[in-house]
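I've put the structures underneath this note.
Two complexes follow with chain A in common, the first pairing it with chain B and the second with chain C.
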Partner chain A sequence: MLIEIENLSVTFTAQGRHVRAVEGVSLNVKAQESFGLVGESGSGKSTILRAICGLAPISGGSIRINGKPITHDRAFSRKVQMVFQDPYASLHPRHTIDRTLSEPLAIHGLPLTDAAITKALTDVGLPPNFRFRYPHQLSGGQRQRVAIARALMLQPEILLLDEPTSALDASVQAETLNLLSRLRTERGLTFLMVSHDLAVIDHMCDRILVMQHGKAVEELTREALATAQMQTPYARSLFAASADRMLEG
Partner chain B sequence: MSTLTTWLRDPNPASRMQSRLGQSYLSWLRLRRNPLAMIGLLITAALLFVAIFAPLLAPHDPITQELGRRLLPPGTPGNILGTDDFGRDILSRILYGSRITLYIVLLVILTAPVVGLIIGTVAGYFGGWVDTILMRITDIFLAFPKLILALALVAVLGPGMENAVLAIALTSWPPYARVSRAETLTVRSSDYIAAVKLQGAGPIRIIWGHVIPMCLPSVIIRVTLDMAGVILTAAGLGFLGLGVQPPLPEWGLMISAGRKFLFEQWWVATMPGLAIFIVSLGFNLLGDGLRDVLDPKSASK
Partner chain C sequence: MSLLTVKNLRVTFDTEAGRVEAVRGVSFDLNRERLGIVGESGSGKTMTGRSVLRLIRPPGKIEADEMTFDGIDLMKASETQMRALRGPRIAMVMQDPKYSLNPVMKVGAQLTEGLRQRDKVSKSEAIAKAIDALNAVQIRDPQRVMEAYPHELSGGMGQRVMIAMMLIPNPDLLIADEPTSALDVTVQAEVLSILDNLVKTRGMGLIFISHDLRLVARFCDRVLVMYKGKVVEELAAKDLMHAKHPYTQGLLNCLPRIGGTREALPSLDRDASWAL
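Take a look at the complex of A and B:
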């Protein structure tokens, strides 16, 4: 198993109040697998990704990658990267695309060449002459491509995707999902993907975990999803809510 | 010219330098659309010009006394703005005084905002006890009236231009710290900071490369708006005899000297007062214009 999460709990403390965002969730992701986390807003699915990255406080349980407990150092950055939900917020507004993409190389002391930046852009389907543009000169889909290119600069094995298409409109969504699928097969990436949209998950993931109120409800394989073999009523209702769109897709 | 502007306006620059120059050019175009800001820029440029070329522009020596020609009214041949109580040409003294004003302004610009920016961003980024300690120190400085604190400092250090600058700088950093801390708090939890953290960047790189660029516009605007205040504080210290010492032609000092004759020979105090007024106005107008240019929200349109 590449990622092993065991009994993970995340508790936020604000002004003396404790909010348990994730309670005792366990999941395993195999290498080169695409694993989906599904649930409504506030079900704690994004918090799991943020906990893996060290952006949310872990109050219990463990996260292991390749059998080793995670440490948030430079080696971790080269193994795990994340694509954020909102491409309007995840790119620095005063940095050019060039600066955004060179930053990871500069941090890790890797050779910073023109060719590396140009290749990163063409790999995600952007023309090289976008290099010196600012994020506000790009559309939402183009920005998300830049965010994907940035996440891939350090050639990680694992890509955490936090609703990578929910801020985009439908046609751009499909393009971005296809780009992600292509990159996954080309580079042998492992995806851990969060979405509230079962249609997206169905398109992308081999296995999914349904979450509600910070707890795991049910784990499903893609086959189980396709044949609507949910065991729990919550997973069934979630499926029913997006079944129409899945049939169209 | 036209090939240069097309090169500058190229939406797909070929190099880092071209993209940087292109951005500066666009900011310049935005600034040029604002007539008041252009007046401010003109006044600031004039101050710079006068300060550099004071020896060539001034008709008389600013310090040599000529007691036979004391308190001549404005319009006297050879002394367009009149003379003061020691027979020194007021125009020449104002022109030379611009050097002192500019010197003080530059030294304050190079110290107070930098200190404030660093303290504010560090406090805002780290939060917790670092924030508490740094911000309480800032509060202590803010709680004193600026001029009183400057007076106390100068009284301890002794009067003089450098000490006046030090006193002004030490009393004017807290607002910059407050402004940059507030900006940092809005920026630090954003996804782009999370993304660069995830890439393994350390706090120095994040603060310097990612947080400070977001705070810089508001700090720069505040600096230009505060410049008028700095000139006035320097003039105030000069007026009280605690800043620049006579016979140097500092504007505040000149007003102080002219106070005795304010009703009979009004020009002695009025002329340097007008100089302070015009320069302060220039910095204020420029600051207003820069706010429109540098504000990231308007820049993205």
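Take a look at the complex of A and C:
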């Protein structure tokens, strides 16, 4: 198993109040697998990704990658990278695309070449002359491509994808999902992906964990989802609410 | 006579880079029904909605052969007349509660402000009305929400607060701009049933702006499909899944489906003639 999460709990404390965002969630992701997390907002699905990256306080349980407990050092960021939901908020507005893409290389003391940046852009289907543009000169879909290119600069094994297409139009969503699938095959990436859209998760993931109120409700394979073989009432209601996303309809 | 008539609406922006035509000749009639406007970002659907309230800032210009709401000529109405219409007669729910609610004002104060200022209602009566409105949008603990600041609410709650705020003056026409795109499927269903109920019980007209074709097909009576500032197709919502126009078909085809194949999703090949 590449990613092993055991009994993970995340608790936020504010003004003496404790909010348990994630409670005792366990999941395993194999190398080169694509694993999906679904649930309504506040179900803790994004918090799990953030906990892996060290952006949320872990209050219990463990996260291991390749059998080793995670440490948030440079070696970690060369292995695991995250793509956030909102491409308008996740790129620095005053940095050119060139600077955004160069920064990971500079931080890690890797050779910074023109060719590396140009290749990163062409790999995500952007023309090389976008290098010296600013984020506000790009559309939402183009920005999300830049965010994906940035995540891939250090050639990680694992991509954490937090609703990567929910801010995008249908046609741009299709292009972005196709890009992610292609990159996964080409580079043998492992995806841990969060979405509230069951159709997107079904298209992208092999296994799915349904979450509600910070707890794991049910784990499903892709086949079980497509044939509506869920066991719990909540997973069933989520499926029912997505009836218009079925193949026939 | 229909509630709202729009004929040949055009919205243009004179910018340094030249004239940008955001809306190019949109016409429609609306009765007490649910009209959906769908299209991608930049198709002019939001601009169409805002034009009805004449909420387009310079250098943007609104032109139309006719824009009439309940017998009132919206093109000729004075700014004072427009202010009287905005809110009590025509209300608009904006896309993002994060940016549309005042961040430094308690929800209760925002909900009662209009009643106190415009209708000169007593404080206790205004509070009672605000709590009723919060109940109408199924907020469980209205007293707590009244005392909360917008950042203390979730996206779904914020969106419901905005809908409640727009419903207090009991408008005849509600323009909802992506009212549910910040919400997840289960909350989305709740908000839609609230809107649906209001159309049915209060006889309100609704313009529902969205980029989500499946949602509009399920929820609206009639749909306008917009592309680059023009209406390319108008059809009954139940027929949306069998749309004729290649743009509408393309938008539908590029959606992933549960149980579909893992092959690359079809991309949308845009034809230059659609924009003509």
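Following the convention adopted for this analysis, the second predicted complex is superposed on the first by the 246 of 249 C-alpha atoms of A that agree within 3 Å, B and C clash if a C-alpha of one lies under 4 Å from a C-alpha of the other, contacts with A are read in each partner's own complex, and residues count from 1 in each chain.
Everything below uses one rule, namely that a residue touches a chain if its C-beta (ideal position, glycine included) is under 8 Å from a C-beta of that chain, and two chains touch if they have at least 3 such contacts.
Please read these numbers as outputs of a predicted model, since none were measured by experiment.
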Quiz item: Clash or fit: chain B and chain C on chain A?
Solution: fit
Quiz item: For A:Gly24, is the partner it touches chain B (first), chain C (second), both, or none of the two (neither)?
Solution: neither
Quiz item: Which partner does A:Gly125 reach: the first (chain B), the second (chain C), both, or neither?
Solution: neither
Quiz item: Regarding the shared-chain residue A:Ser77, is it in contact with chain B (first), chain C (second), both, or neither?
Solution: first
Quiz item: Regarding the shared-chain residue A:Asp98, is it in contact with chain B (first), chain C (second), both, or neither?
Solution: first
Quiz item: After superposition on the shared chain, which partner residues are touched by A:Pro57: those of chain B (first), chain C (second), both, or neither?
Solution: neither
Quiz item: Between chain B (first) and chain C (second), which, if any, makes contact with A:Leu238: first, second, both or neither?
Solution: second
Quiz item: Angle chain B-chain A-chain C between C-alpha centres, in steps of 10 degrees?
Solution: 70
Quiz item: What is the contact status of A:Gln137 with respect to chain B (first) and chain C (second): first, second, both, or neither?
Solution: first
Quiz item: Which value, in Å, gives the least CA distance between chain B and chain C in the superposed three-chain arrangement?
Solution: 11
Quiz item: Taking the complex as given, what residues does chain B use to touch chain A?
Solution: 11-16, 18-19, 23, 190-192, 194-201, 205, 209-210, 213-214, 296, 299-300
Practice problem: Using the touch definition up top, name the residues of chain A that touch chain C in the complex. | Solution: 40-42, 139-140, 169-175, 177-178, 181-182, 196-200, 202-204, 225-227, 237-238, 241-242, 244-247, 249
Self-check item: chain C to chain A touching residues, read off their complex
Solution: 40-41, 154-156, 183-187, 189, 211, 213-215, 217-218, 241, 250-251, 254-260, 262, 264-268
Quiz item: For chain A, which residues are in contact with chain B within the complex?
Solution: 53-55, 73-74, 76-78, 80-82, 84-86, 89-96, 98, 103-104, 107-108, 129-130, 132-134, 136-137, 147, 150, 153-154
